[in-house]
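Chain nomenclature is as follows: A, B, C and D, assigned in order of appearance, with residue numbering initiated at 1 for each chain independently.
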Amino acid sequence: ANKTVGLVVSTLNNPFFVTLKDGAVEKAGELGIDLVVLDSQNDPAKEIANVEDLLSRGVAAILINPTDSDAVGNAIKIANRAKIPVVTLDRGANRGEVVSHIASDNVAGGKMAGEYIIEKLGKKGKVVELEGIPGTSAARDRGKGFNSAVKGTGVEVVARQTADFDRTKGLNVMENILQAQPSIDAVFAHNDEMALGALKAIQGTDRKIIVVGFDATDDAVKSVKEGEMAATVAQQPAFIGAKGVEIAKAFLEGKKVEANVPVGLKLITK
Amino acid sequence: MKIDFKELLVRFRPLLGLIILAVIISLINPRFLSVNNILNVLRQTSINAVIAAGMTFVILTGGIDLSVGSILAICGAVSAFMIAADAGVAVTLFTTLSLGTILGVLAGIAITKGKVQPFIATLVGMTLLRGATLVFTDGKPISTGYDTAADIYAWFGTGYIFGIPVPVFLMIAVFGISYYVLKHTRFGRYVYAIGGNEEASRLSGVRVSRVKIAVYAISGLTSAVAGIILTSRLSSAQPTAGAGYELDAIAAVVLGGTSLAGGVGTVFGTLTGALIIGILNNALNLMNVSSYYQMIAKGSVILIAVLMDRKK
Amino acid sequence: MKIDFKELLVRFRPLLGLIILAVIISLINPRFLSVNNILNVLRQTSINAVIAAGMTFVILTGGIDLSVGSILAICGAVSAFMIAADAGVAVTLFTTLSLGTILGVLAGIAITKGKVQPFIATLVGMTLLRGATLVFTDGKPISTGYDTAADIYAWFGTGYIFGIPVPVFLMIAVFGISYYVLKHTRFGRYVYAIGGNEEASRLSGVRVSRVKIAVYAISGLTSAVAGIILTSRLSSAQPTAGAGYELDAIAAVVLGGTSLAGGVGTVFGTLTGALIIGILNNALNLMNVSSYYQMIAKGSVILIAVLMDRKK
Amino acid sequence: MSVTPVLEMKNITKEFPGVKALDNVSLQIFAGEVMALLGENGAGKSTLMKILSGVYTKDSGEIYYKNIPLNVKDPKDAQNKGIAIIHQELNLVPELTVGENIYLGREPVNIYGRIKYREMYDQSAKYLEMLGEGRMSPSAKVSSLSVGQAQIVEIAKALSMDARVIIMDEPTDSLTDVETENLYQVIRELKQQGKALVYISHKLSEVFDICDRATVLRDGTFVDMKPVGELTEESIIQLMVGRPLYERYPKSKGECGEKVFEVSGLTNHKITDVSFSVRRGEVLGIAGLMGSGRSEVAKSIFGAMALTKGTVTIDGEEIKISHPSSAIAKGISYVSEDRKQLGLILDMSVKENITLPALKTFQKFFRFISVDEEIKTSEHYIEKMSIKTTGPMQKVVNLSGGNQQKVAIGKGLVTSPKVVILDEPTRGVDVGAKKEIYDLINELKENGLAIILISSEMPEVMGMSDRIIVMSAGCVAGEVSRADATQEKIMTLAMKNLTKSAV
């Protein structure tokens, strides 16, 4: 009989996680697993409710892409108590027991982007950082990695503003920053949506500014190939999703699984 | 007094909707009616229901409170911070509940003394307090830590009393008290009277400003209670917690038959409304409806429920 | 006719607030007043301002429209899809604007014929349409593509006429028409009358339902216009576009001195209100205020503006 | 008769933006007596009483209670100090019950703060009984009451406060004679108990029925205070208006023409089989008790209330009316009895109110509304009906009650109707203005309009109508001609159906 596996995704309003889900759905189809996908809408309370509902419904394993590493703890504990194995995707959990954790490291990704910019600018220049929704873990981790890279180099962050992971806001905020800052050499955006918005703003002027994004969404990769955006950090979301399903299946079949599956980060450039 | 069946029907129409919904769902998915799942739904509903109880007071006076989600967040953050800093559970609870109440009072003062429209005053409160929460938490979640105090604190969100989850008990308590206050006390009468005709209430000697400040205080208090339940369920406070909760709470109140114009409605209806939303969320998950279609399904059911309620 | 200075002062108080704000900001950051930046602010304001213009009609009748952001999103998605599918710019614009209008009409019908409260009808609309947009786009952005049609389409968001951005022209047109309709036509007078006293308007022979449906249609239409501007600015439609825009639009209307109770206000005030919000966003970026404090600053300025407006 | 006043207001001044409502006004109120407070619309009567009851604050002047200075902070404070008021405009919460309204702000509670409903309803029933409304249930929602019944609730509320000073601002405004007589009974009792009362009314006969002294205001100033015994209607009018006024109900010499308007078999949940017709230049009076369904007939004709059966014919042509706008288009207009809720848009100007039903006719090129013509038209009505206002642009909300009423009537005429339904057109209107409205009715009559006059004021219906139909419990109970009409005949008809079926 087909096993049912639950997948709880932090949000499906963001192309990155949509791709992660698509990867998982496709793999589940291949392996003949029933996959139940639930969306936490970036709300940990909804997340814990989703886990409870999955347990109510009866699933053999849960794949969870946490909204937040801390907040997911009790949800995982509930699954532990019900003796249902849990695999975390993309973000880890600070509490509870998981059989496996599959992720690329956001901090490392931010660092990678920072190092790329440092190199491109010849270790000297002015950068703008477009931050994600204040208080979200992606915004925190990517910012942390990026800032640890540029710290102490000749690259200076001249403006740091939030654009809420949103393309429109990326456009508006960048337009405003362009007014305020007479010289900017590069922009690092916490996701591709904001990067694409910022790119639009820059295209409206005749200034030459490097734009680096994060997530490698289809639009962003296309833009990089066209030579518009300089780079984007690829996390291979589809692979994360697919790998999660594979590992869950393996575990349920009694096979040994790796506790930590690091997924390589890739900097996509032209 | 003779029983007015029409009146009775109107009164219990939301409940009827709830029952119809529950029957349909359990026919599609029998698992829905398992004891475990019912407790599950109740626990999940408790947060929205508690907020909606306070919101009912506000809406009955003809006001609205958009700041509930942000009050929940800041109260949650403060309580997680205090637990982590070993301030003791009792002190933490007291501080958190007081904070929520005071924030409500401030909104009430802006509305009555500052003559700012409730929608705007609480919209501003929502923005200000979200900013304050982010500053306070530096944008990071605050964990309650791993010591005994944290475990005791976690009981409020995850514990059981006689097999019934603690949040469910809290929800019942909040609704019981609200029912008594609205139905049997002077203050309750004034809440309805102000919503029905503010000027007439004032001329009858009702201290309108005081009552209004009190309803926002109550809404702040229930938001704080919800913040405690949420933080305790997660053993962690998120700076972004509660975003968008105001809409769910308002939807619960309105589904329960309370008019946004004020003056008409019951807290019992609100509980029904919150349960309808909670059951819907649960059922859509049980039935594995994709999240995009969940929005469509949820919107449709609410629309049908409201339309049913409006029909003569 | 003698000029009533008090009345005049009340009338232009929002404008006064705008001017004070602009002066303070330009003292802190002189770059604010550069021609480029002013065009910049105007262009950024245009989207919220256009939505707020339609919202003004709705609020003047005593209603509210929470679905504007979702209408914007679905109209944007449809128009990007059509441009990408080479449907031609004219056909696309016509379809998109019609879609927005029709969605507004449906909300209006739910409110007048279905007797659903505007807050709820449009809240449901907001959820339903967001779900529909996510289904339509499968949660991913739709690019308008790279051909000539896409370039022509992009002109609406990024082009210039005599050195003035096209969205700014569109904004001026929308406000010019709205001003004329509200001030000088029968329909405009009815909008105010219904907000002032719906029942008395009905007894004066006003077709209340028709007028109400029309205001939601107008709000749907302006949301569609905003959706076109936005999609064309980005050459891409986001499924999450416009989320939360309803609050900004309502804030603009209220900052402009229109009462949420209906009956009182002007579209000119709304433009001022939208500019205050736009300038604030721009200035906070220019001054590089950290995002946490931005919320606090924005909340505070709106509160001060509203308090100033409420003072006798 | 006591000589020293219980309560005295001295040199009270109150200014609103642009209007000096009260200028150095004084008033004395005596125990065991009723002081009539008289004056034209806008003279400042209500304003003075609102100051006494804590609704407004005075700009200057003093108030003394038994020679001790009294400071009234707000309505609650006034109640605590033994001052009760029945406001001119209804001030009830429609969604609460009768009993809850009567005791609003003063609910009896037990030691746990729980409201004692039983006691509250029993007491309420007692006061309703006193006012002859024993049939009204204290647990009925106020929204289900007619205007007149609501007025009774207001009175009961004031009585229940057990105040030392009771102010009644046009309490009989929407009462018929029966209820008015009941009220008199209660007032006499209150006098017996040594209470001091202030009684505001535009029905001068009431002054002689029940009041002991009269204070007259004119344009916000004090004119005179006299024992009623020294006054006549003529002398009161002289004091109020500053000139004598002749002929209370001016007779028109106009002849009635052919039949223009006819209704037959009008039926819905409030009225049964109502038929009548009106001729050109005729005033048809409709009399009846409170709640007899007169307003419902008017609303049904006007398309504001659904009909299950019945036809409406105008100029021999049967017409279908689904909405007030079609009634207006067919030449019917309706002036509602409730100007505040149904008649006017208070936040709009006099001009905008008057032109609203006829806006179409003010449209010029590009559907542009011609403001000049609007102003011209509204100035015409302001002048014609002597509306006391600072101009067409003044907001209606700032006019006195009587002047608001005139605006409402102007609104009914602006569409140049063939048939005008006037529902209590002189409610709250002073003698002078009443005369003007009567003159206006006669002028309309001479211009060949068909007029339906619904009124609870018996002398008014009898004085102004050519024919009177009397309604009782939703049915037409009978018809009397002007010549035959007597108070007794009309009353008998009005009570006809009540014995058979309780309302």
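Assorted remarks:
The rule is simple: contacts are C-beta pairs under 8 Å (C-beta built on N, C-alpha and C of every residue); 3 or more make two chains touch, one makes a residue touch a chain.
All of these numbers come straight from a predicted model, not from anything done at the bench.
Contact with both chain A and chain D is made by B, C.
The chain with its C-alpha centre at the largest distance from the centre of chain B is D.
Chain geometry summary: the mean Cα position of chain A and that of chain B are 32 Å apart.
Mean C-alpha positions place chain B and chain D at a centre distance of 45 Å. Counting partner chains per residue, chain B has residues 134, 139, 291-292, 294 touching two or more of them. Those residues of chain D in touch with two or more other chains do not exist in this structure. Annotation for chain A: residues 12, 134 touch two or more other chains.
By the contact rule set out at the top, the touching chain pairs are A-B, A-C, B-C, B-D, C-D. Of all the residues in chain A, the ones that touch chain B in their complex are 12, 36-39, 41-45, 48-50, 52-54, 56-58, 67-71, 73-74, 94-95, 133-137, 139-140.
Across the complex, chain D meets chain B through its residues 55, 74-76, 78-79, 87, 91-96, 100-101, 104-107, 109, 113-115, 139, 157. On chain C, the positions that touch chain B within their shared complex are 110, 114-117, 119-121, 123-125, 127-128, 130-132, 134-135, 139, 247, 250-251, 254, 259-260, 291-300, 302-303, 306-307, 310. Contact residues of chain B toward chain A in the complex are 31, 34, 36-37, 40, 43-44, 47, 133-134, 137, 139-141, 143, 154, 157-158, 230, 233-236, 238-241, 243-244, 281-282, 285-286, 288, 290-292, 294.
Every residue of chain B that touches chain D in the complex is listed here, in rising order: 1, 184-186, 189-190, 192-193, 195-197, 199-207, 263-264.
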